[in-house]
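Same chain, two partners: subunit A is paired with subunit B first, then with subunit C.
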Partner chain A sequence: MSTLPKRALGKWRALCAVSLANMLEYRAEIYLWVLASVLPLILLGVWSRAAQSGAFALSSVEFIRYFICVFVVRQFTFIWVIWEFEELVVSGNLSHQLLQPLNPVWRFLAGHLTERVVRLPLVAGVVGLCFALYPAAFWLPRPMDVLRATALLGLAFIARFWLQYMMSMLAFWSERAAAIEELWFTVHLFLSGMIAPLDVYPESVRRFAELTPFPYLIYHPVNLLLGREVNLQRALLVLAAWGALAFLVQRRLWKRGLERYSAMGS
Partner chain B sequence: MRRYLRVLSSFWRTSLLSELEYRLNFLLAVLSSLGHAVGNFFGLSLFYHGQGSLGGWPFFQALLVMGVFTTLSGLSRVLLTPNLQRIVEHARTGTLDFVLIKPIDSQFWLSTRRISPWGIPDVVFGLSMIGYAAHRLSLPATSLLWALVPLSWSCVIQYSLWFTLASIAIWYVKVHNVTEVLNGLLAAGRYPIDALPPGAYRFVFTFIVPVALLTTVPARVALAQATPGWLALAAAFALGAFLFSRAFWRFALRYYTSASS
Partner chain C sequence: MAAISVRELSKSYRVAVKQPGFRGALRYVLSREQREIQAVQGVSFEVEPGEIVGFLGANGAGKTTTLKMLTGLIRPSAGQASVAGQVPFERKRAFLESITLVMGQKQQLLWDLPALDSLKVNAAVYDIEPREAQRRVDELAEMLDVREQLAQPVRKLSLGERMKCELLAALLHRPKILLLDEPTLGLDVNAQDAMRRFLREYNQRHGATVLLTSHYMADILALCPRVLLIHEGRLVYDGSLSGLVERFAPYRQVRLELAQPIDATELRRFGEVEALNGLSAVLIVERSRLTETVARVLSELKPRDLGVSDPPVERVVGKLFLEGDLAAKLGAASGPAAGESRA
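Presenting the complex of A and B:
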């Protein structure tokens, strides 16, 4: 009985090692992705300046800290599996992976996890640059907050991964499954707190956003890092529920999709 | 010139026909663009709660900038993005040979071969924002027409930046990521340049990724607030960037060694 988890763990470690080597090889590409996600840093400039003249729920310095945290949080919850999966299905290369006694999803998951590690140095560099530009905004989150934020971020990553993987399954039915992710991302952009902290939203919009999973992916983890009050239990529960739901749906769609895929029969 | 126009029309007809296969996806693209337009409008309005403002720009003037930005990014999705993958494929597989021996300018062929209707909703929503803002500001039609001049420079600048980066495909096949960095930085163009803090931010977004020239200058012209200095800078940048993109493409071709070599 005890050998099974041990063997699974061994496989997982091998998978991660291979994936890490692969990601290190393509580090230039990953660094470009980090640089492509500078939207929070643009908003940092715009909001911190706007807060100097207007009266907002956050001060200029708080806006700076908020968007630095958004940048960091986004780096860890950024998921790209749908584009890879679509490519695999459309090109037919999925067949090679199906020959192996391993569900391809584990390969994707290992890829996403190891890619985060490769990102770290550049993310740290960008954060350092922001503090160099705005020394007044420098602060260190409390260790306890970092711990709590890490837990929430880990769950946000898992939930977001399964949600996107669930949508990836549409690739079995449509050649452009990634279009659905674009639609999802549009909503994510405006409801997650990425473009502005929910504190500056009108009350009605804010309440609506709180009903969706989006603020739990950006706004709440950021608030934890900032040491602001967050209902951590509720956030963990919401994310766990969404993640579990997506996981179950994904499994069903995968089985159905595979039948269809083999029916297409190359 | 007539030959180029004839080639252009057949390029665009064929690529439109092939994209029309994906009608459901077009619907998704419309929804996504609509979401973006609504979200951007909402995002802009957030700055105006409690006497806030964007670098001294009143709401509808800032909306004009947002409209120019949305139109430009839609145009780039229609005209530019669909060609990138092709350029990469040609450079990687060596089929660039066939393009180079055609009796037509290779930069023209590569930049115009495909169009995609996916960005059209963005163009429509962008123009609607401009129209609505112009209506609320009661701008005369003549100033809007004048704004077309700097807007055409914006198109040239955006094209030249994009093609210069796309030329990198000769050396580096993952050039898609490089153009994504450009797109990420261009996102700053949805706000007037005065909304950004003075210093490093404004320098970068005026001279390196010139979103100030792309969106703020056309909006200023429409508002009849343009200064000669900005206009001269925008015109010079457009000309310089275009010439540079041509020179850089020729330079890149010197390193093109075709397949299997």
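Presenting the complex of A and C:
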């Protein structure tokens, strides 16, 4: 008889292997998603030009590096579980997963992680192209900064996943739960540092943003890669708190949602 | 202990009522009117281990809702259900490992990958050792005759091949209780027949309990010695198929070899004309009027030959559902289930 951790590992390996095979089937679609997320690279040109003619916290070259990092970081914190979950609930296809002795969340997690692997080659290609276009901006982050940024990114991925998975639970009550993600994205756009580093915002906005999970998803990991000063301990703590809160709320909503689930169409 | 035990099971839904047009939409936004729908009402029955039971009913009668409650997908509004000794909605691991649900119009296999990949995940999810999983896949693939198809992407398979692979995936963990909702839906005659043979063999080999809904009477005839009939959420019959026909469709089929051609309108004076082909005709006659009708036919039409038999079961049940006969019969019947019924 296998031990519990060995069995759990076996399940996880099987889920990831099959999920990776499935994601490879959808590689063209995933590459289109990557290309559709080049907003930071458009802003790169705007901000680097603005920095040449104005006084900003970052120089023109720093702005270029900043937005290249935003593009990369976003590839790792982009979560799409709400669209998949909504489709499963609305179509009733969640039923098959509910009938198996495995919480559906493990399949979603495996899907997200393996999809990152499929993204990597194109992301590397886009970054290479950026450095080819802006050779002056080329630099290599220090290994310790990469390590610290990876730790924060890992937690950012988990926290962001639980936050969106929590919102996904609304699919049990509304057929258009994903609409809330649009609202989230608008706030995320401004407070995460995606369209501008928080350095350019007024102090009061920055202080408010620091209480939300948004800057820890992009701004702070990017700053770590750039070698700028970041209070890593505080960042990890805030993200962990948001992630834990989302997890707990999600558990409650999941139980209540299942009471409402009508397994439509099945 | 019964494999499935259901006591006074009920399920009601609240649905919003929306009138058409702009005014209806406005009223819907301002003050939403809701209506309660009783999908299943006080259903009770038991299924013993190893039994194959057909679950009959018209569209919307409550069959699928009952199956959803038995699989724990939805919580009953009232009543109790016990499946494999467990309460379904608690969805404990022991319960989930004991059951499977196959829905003819739904799929669990990954569309773009070979079925073998989905089977690999299923084996891991149910903690089946790789060697044992392979043994079971081999056994089921042989029974279903889908060995080669397992390695092809699911999207490339025909509907029949896909359904066989779906069934294989649903049975890999060797469930004791199979809940099948229209498993032969859309399949051609050969595929339907193969599916039936497989289900019978699986039932005999593993002693599995099967509760099956189907619109194809051939499925019920081939597999189910016992049927449950549900109508407007209530269980109205529980017993043998022949008993069902006897109770709800007391008809006889009168076959005629006529001496001379006759038109259908003329023939209708004696009963419902099921077929009229040259000099051959088939009439459906109520049993209570059989003697009188046969006497009239003999004296007025003077047929060369006349035979009386029971109509085919599928025709009778189809007539019950399609032509609203069931409601009329139920209106005439005093109890929910009479005769040999077990409900």
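One rule holds for everything that comes next: the second predicted complex is superposed on the first by the 259 of 266 C-alpha atoms of A that agree within 3 Å, B and C clash if a C-alpha of one lies under 4 Å from a C-alpha of the other, contacts with A are read in each partner's own complex, and residues count from 1 in each chain.
Heads up, the rule we're going with is that contacts are C-beta pairs under 8 Å (C-beta built on N, C-alpha and C of every residue); 3 or more make two chains touch, one makes a residue touch a chain.
Bear in mind the structure is a predicted one, so any value in this text is a computation, not a measurement.
Once both complexes are superposed on subunit A, the partners subunit B and subunit C fit side by side without clashing. Looking at the shared chain after the overlay, A:A17 reaches subunit C, while subunit B stays out of its contact range. Set against each other, subunit B and subunit C touch different numbers of residues in subunit A, with B touching more.
When the two structures are aligned on the shared chain, A:E87 is found in touch with neither subunit B nor subunit C. In the superposition on chain A, A:V38 makes contact with subunit B only, while subunit C stays out of contact range. When the shared chain is aligned, subunit C comes close enough to touch A:E259, but subunit B does not. Of the two partner chains placed by superposition, only subunit C is touched by A:L98; subunit B is not. Figure legend note: subunit B and subunit C, brought together by superposition on chain A, show a least Cα distance of 7 Å. The intersection of subunit A residues touching subunit B with those touching subunit C, taken from the two complexes, comprises 26.
Across the interface of their complex, subunit A is touched by residues 22, 24-25, 28-29, 31-32, 35-36, 39, 42-43, 46-47, 49-55, 174, 177-178, 180-181, 183-185, 187-188, 191, 195-197, 200-201 of subunit B.
Partner subunit A is touched in their complex by these residues of subunit C: 13, 64, 68, 71-75, 91, 93, 96-97, 99-101, 103, 105-106, 108, 110, 112-113, 117-118, 120-127, 129, 181. Looking at the complex, you find that subunit A touches subunit C at residues 2, 7, 10-11, 13-15, 17-18, 21-22, 25-26, 92-93, 95-96, 98-102, 259, 261-263, 265-266.
Only residues 26, 28-29, 32-33, 35-39, 42, 45-46, 48-51, 53-56, 133, 174-176, 179-180, 182-183, 186-187, 189-190, 195-196, 200-202, 205 of subunit A touch subunit B when the two sit together in their complex.
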